[in-house]
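Paired with chain B in one complex and with chain C in the other, chain A is shared by the two complexes that follow.
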Partner chain A sequence: MIKKFFDWLKQPLGLIAAGIVFLAVFSAFAYWLYTTQQAPAQPVPGFPHKTHVAFGIQCLYCHPGASKGPAAGIPSQSKCWGCHNQIVKTRDSALLAPLKDAVLNGESLVWVPVAIVPDFVQFNHRAHIAAGKNCEDCHGDVSQMGIYQNPQVFNMGWCLNCHVETAGEDQELLIKLSDCGTCHY
Partner chain B sequence: MIRPEEIKMSEEETGKWGMVINQDLCTGCQACVAACAMENNISFVGEVDSGYGRSMHWIRIERFWEGEYPEVKMTPQQPMLCQQCGHANCEPVCPAYATVHSQAEKLNLQVYNRCVGTRYCANNCPYQVRAFNWRDYKRPEPLPNQLNPDVTVRRMGVMEKCTFCIQRIHKAQDVAKSEGREVYDGEFTTACAQACPANAIVFGRVDHPESLVSQLARKGHGIKHLEELGTYPQITYFKEG
Partner chain C sequence: MSEQFSRRDFLKLAGVGAATTAILTGCGPASRYVKREPYQQMPEYNSVGQSTYYATTCRECAAGCGLVVRTYQGRALKVEGNASHPLNLGKTCARGQATLQGLYNPNRIQGPIKHVRGDRLYDSFSNPFLDDINNAPANMTWDEAIQVVADALKNYKPNEIAFLMGMAPDHLFDLVTDLAKATGMNAPLRFGALSMFEARATLSKAVENLFGQPGLPFFDVGAAQTVFSFGANFLETWLSPVSYTRGFAGLREAETKMRGKFVQFETRMSSTGAKADHWVPLRPGTEGLVALAIGKLVSEMRGGAIPRAFSGVNPAEAAETAGVELVALENLAGMFATSNVLAIPGGAALGQSNGLEIAEAILALNALSDNFGQPGGVYLSPLAPDQTEYSRPASAEEMRTFVEKMAGGAIKVLFVHGVNPVFELPKSLGFEVALTSVEQVISFATFPDDTATGADYVFPDHHSFESWGYQRIATGTSQPVLSGAQPVVTPFFDTRSTADVLIAAAGLAGGKFASALPFADEVEFLQAKVGALLSQAGGSFDAPDAATFMAYFQQYGGWFRNADARITPDGSGVLNSNLSGSVAEFSGEGEFFLVPFVSPTLAEAGANKPWLQELPDPTTTVMWNTWIEINPETAHELGIENDDVVKVVSELGEVQAYAYLYPAIRPDAVAIPFGQGHKAYGRYAESRGANPADLLAAHFNKAGDLAFGGMKVKLEKVSSAERGVGLSRMESRMGVYGESMGEEH
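Let's look at the complex of A and B:
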């Protein structure tokens, strides 16, 4: 039975069939790999960061936690609606229907965090802002983005490079910034 | 980068954070054990694995019996936790550099994402205070809601131990820095010291001579456990006076 199958595969028709199967599996894998590299779907599809930045809204207006504590925070729908409610064009826009529904029904918009670190990394925004880092140093040029996408992979080598550069010749700061316990506990 | 050969380990080097435990005040109520488990997301092992000696606590209350029956006498309760040794026996044996000495905070660190679970450090610890995650112990709902977000939730195959609540140290330092001052003595404390109803555990800076721990450590005849091994423990114990 198996020998018959292999004999059939060796014919031209069998080779073509094997090629088609291989291509199908390969392209399915390639598509799966592609989907893992895409920004996740957000509750408001196509949320335009660039429009908000173009209106002159500061990062810290919507993400105020960045200067105060570990998490920058994602604005509540009441903060969004506070502005959008007063602009006729956005109040009745179909694009903002998810926001309007959430506000009227008293539900929350569940945004999907994109700039994340693993659980074993303890990151604090405040210390980085206080050290003079700007948002775009890590998060890229958000003024050109729609839905946020990480400009680079947030891994330890990338973090540590900046820590060592920041410390420079200051040995005490270098000990603090290259200490395992500064981020992992 | 700091290379291992550049790290100076002089004998008289003092630690940064330390503790004083008064065994005369300790009633053995286990409040510190419970507080530690809550603060540091310690798994609930259950009775089956505990029977195999796999219970996970970062602090435990030890007690011993003296004399022969019927003349037995119990020794004072003795809270035992990681002594944050200056010369820690666990550190040089780790093949993955997962347990390293923090040069900034002078603590023994356990880096969970580096740990590969050889358990060599636990076998080498003379105080037997390290706990190994033998399984991924499930937390039934709604217990995951009480997890401390500042502490990593450890997974199976990872060693863990007392960190002197390093998340509280970092938080206090962060608050102090944002207000442009130093961390003052008693501004924060570890979960075990905070929970202790008898104030038997006192935590603070041992390198500041005027801090409460330093003053208490100077008073009387405190002992450091297994000091003869040259581990330079950071916890001073007092009993009987």
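Let's look at the complex of A and C:
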């Protein structure tokens, strides 16, 4: 029976049918692939990092946890509103309506962090800042970004590459920085 | 390969399939996105990205271990022990760790509910992975709820109002006690299944009979040379398991002293017994007899007169009755005679009709080591800093009296907090039936438990991580400890502290109710109670004023007096006391002794936490279910195999569960863990396993504790194991006793 099927596939009609099926599967797959690569929706659409940087606000002003511990943290909305409330243009801006609503109604803004690593990686910002790394070394040129996008995939090869470069000729440091237990414990 | 489908075709199709799978699975997002909800208003002592730690007290059992909970952005993330807490010195048990799953439990009651008795409080069939949890919605405001409580207090005579409470927290018990004293209400009763299985009333009565003062004994396992434990499961749930586990580590420590020895006498091997050097399986109810026999043999070996306490027993007969070899007892007596032995009477030994005599006989053994008030010996636990006398929870017999009052209509309003008596009390006491005779039942349950289902109103209290409070440490440390509790997170739901509800309702009810609780709220009440310690010297901290004292009390997780305040019992008359080697009476017609034991992982209230359900039982590695332990020899005679469904029939009822062939149980006994078999209590607990309390008859020992070990039961095989159905175990049993190896076991 299967031989019959293969024979039919070799006929013109069969070839056309196979082509249609292939196209249908391929486009469904392409669409699905496209959806997996979309950035998640954020509570303040189009949040402009670049505007904040352009005003000279330091990264650590909103994300102070980076210099102190594992997570950089997301600022509380009272911190956002502390400034935006003072600026006439932003106080009543439609773009900032989600923030204003949240503050006035006592609800939370729910953000979706995108610079994340899996749970089995024990990443700590503090050690990297203490080693003299700057935010943009990993997070790219945020002064040109709206909603934040990762400049590269945060995978293990990328991490290790930098760890090995940092160690240079120092064999002891290389062992420390390339040990599994440094990040996976 | 058939003619139509060649090998080549197969390989082609397989290749295409594998390639498609590889492509499809490789293209997902690198990591699943999570959501993060920052603070709306960040407290000023917080810092973005930094965790904040709060000291509080564990409420998963009544031991009262100190905890430090890590919170991040207002969410509790991890539980650790409080290193400066004298009871647990920074350690916790699995149940303490799982407190978080109570806090985040999907079936918590989310607001005040007026409820039709028997109606479901949640829909157990909703999908746990979707948001539609379908809990019963709150259908009244807290103002209405407080009015209901106030009306209940005001419209009934004080002696028609009763409070039934759990073993924790103590501050609420104090508040209700104050209210009851001032208004003439029934004094609140406290009960817990753990205290029933620990036979606390028997322990305290035996101590009173032998030493002349009641109290909870403290066994200094850590400094002992040898421990003879009679059914004490002190590494599992007994009295204060974290503290006793530390003591056990001290016993076994062998660098600075000889490694201590440990002998366990019990009918089925508990996970504590699994750690013993010698495990002695006794027939239930003969522990006292064996203790006296050992006492007599030791006295004979040491020479001199036989003390009066041990003179009445015949070791050969005792060994015969207990079902052990005389030579085994003689060997143990030899070990005893050359060592300092600490003898511990555990709950499994005391839950017998002769439990009080057993407790006295075992405690009396300590007189041979003369270890009363000595390191490695028996003390009485120190009283908490604000306590003047020992108070124990209600015994099962006292609970029966209470249930009879309920059934007779003497109790018209019942408030229930912190305990789930429909599940925890043996069915034979008739609590569930008596509940229907009570005009108004108000439950303060945090979870939709079996008792809340029978209530008219459910006014949910906060979870312990959202609550204020304190707990007196009943035993487990040499220092008097008042352990402090504070909220580590703001309440997730529209719940309200029961203390606040009662204070507000008493204010509404007016008169002597209002004057009994002249506080604005729970915190003011706490300050009034805890502030009384400010003037006491010798504590873990001093403070210049009440506000600073409260701040330190929260920061350190309680107030501890520095001195060793263990009480040395007066054991001078013990060897001359009259001890009887009576044999327990058993009820029921079956041929097997029933040994109900508390599940070391679930205990009485852990079944709604998946971490604990998933945690394998230490001895059997069974998860998520109830099993019946049967000796393989017995099972073979009855034609029972592993995972067969077996019915256990007592004079009162029957339960069904899967058979577990357990070599470490006497062939004349079967054992069932207590902890499963809920009829409600959330999606993880409901309709899972069976509750052995349904089998227990209302027989009591002389101290009023339930003789839960005094049942004889019949075993009936219901159906054979089906392929793929049965107990989930962490360990495969393949090869164990020849199973699955094509041979008979």
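Here, the second predicted complex is superposed on the first by the 160 of 185 C-alpha atoms of A that agree within 3 Å, B and C clash if a C-alpha of one lies under 4 Å from a C-alpha of the other, contacts with A are read in each partner's own complex, and residues count from 1 in each chain.
Just so it is clear, a contact is a pair of C-beta atoms (placed from the backbone, for glycine too) under 8 Å apart; a residue touches a chain by one contact, two chains touch by 3 or more.
What you are looking at is a predicted structure, and each value in this text was computed from that prediction instead of being measured.
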{"item": "Combined model on chain A where chain B meets chain C, clash or fit", "value": "clash"}
{"item": "Touching partner for A:P118 - first (chain B), second (chain C), both, neither", "value": "both"}
{"item": "Touched partner set for A:Y185, first chain B, second chain C, both or neither", "value": "first"}
{"item": "Which of chain B and chain C A:A130 touches, first, second, both or neither", "value": "first"}
{"item": "Chain B versus chain C as contact partner of A:L104, first or second or both or neither", "value": "neither"}
{"item": "Broader residue contact with chain A after superposition on the shared chain, chain B or chain C", "value": "C"}
{"item": "Contacts of A:P75 with chain B and chain C, given as first, second, both or neither", "value": "second"}
{"item": "Which of chain B and chain C A:K176 touches, first, second, both or neither", "value": "first"}
{"item": "Which of chain B and chain C A:A94 touches, first, second, both or neither", "value": "neither"}
{"item": "Chain B versus chain C as contact partner of A:V153, first or second or both or neither", "value": "second"}
{"item": "Intersection of chain A interface sets (partners chain B, chain C)", "value": "118"}
{"item": "Chain C-facing residues of chain A, complex", "value": "1-3, 6, 29, 33, 36-37, 40, 62-66, 68-79, 102-103, 106-114, 116-118, 125, 153-155"}
{"item": "Chain C residues within the chain A interface of the complex", "value": "4-5, 9, 23-24, 27-31, 33-42, 47-51, 72-73"}
{"item": "Chain A partner contacts - residues on chain B that touch it in the complex", "value": "1-2, 100, 102-105, 107, 109, 111-113, 150-153, 163, 166-167, 170, 174, 177-178"}
{"item": "In the complex with chain B, residue positions of chain A that touch it", "value": "118-120, 122, 124, 126-127, 130, 164, 174-176, 178-182, 184-185"}
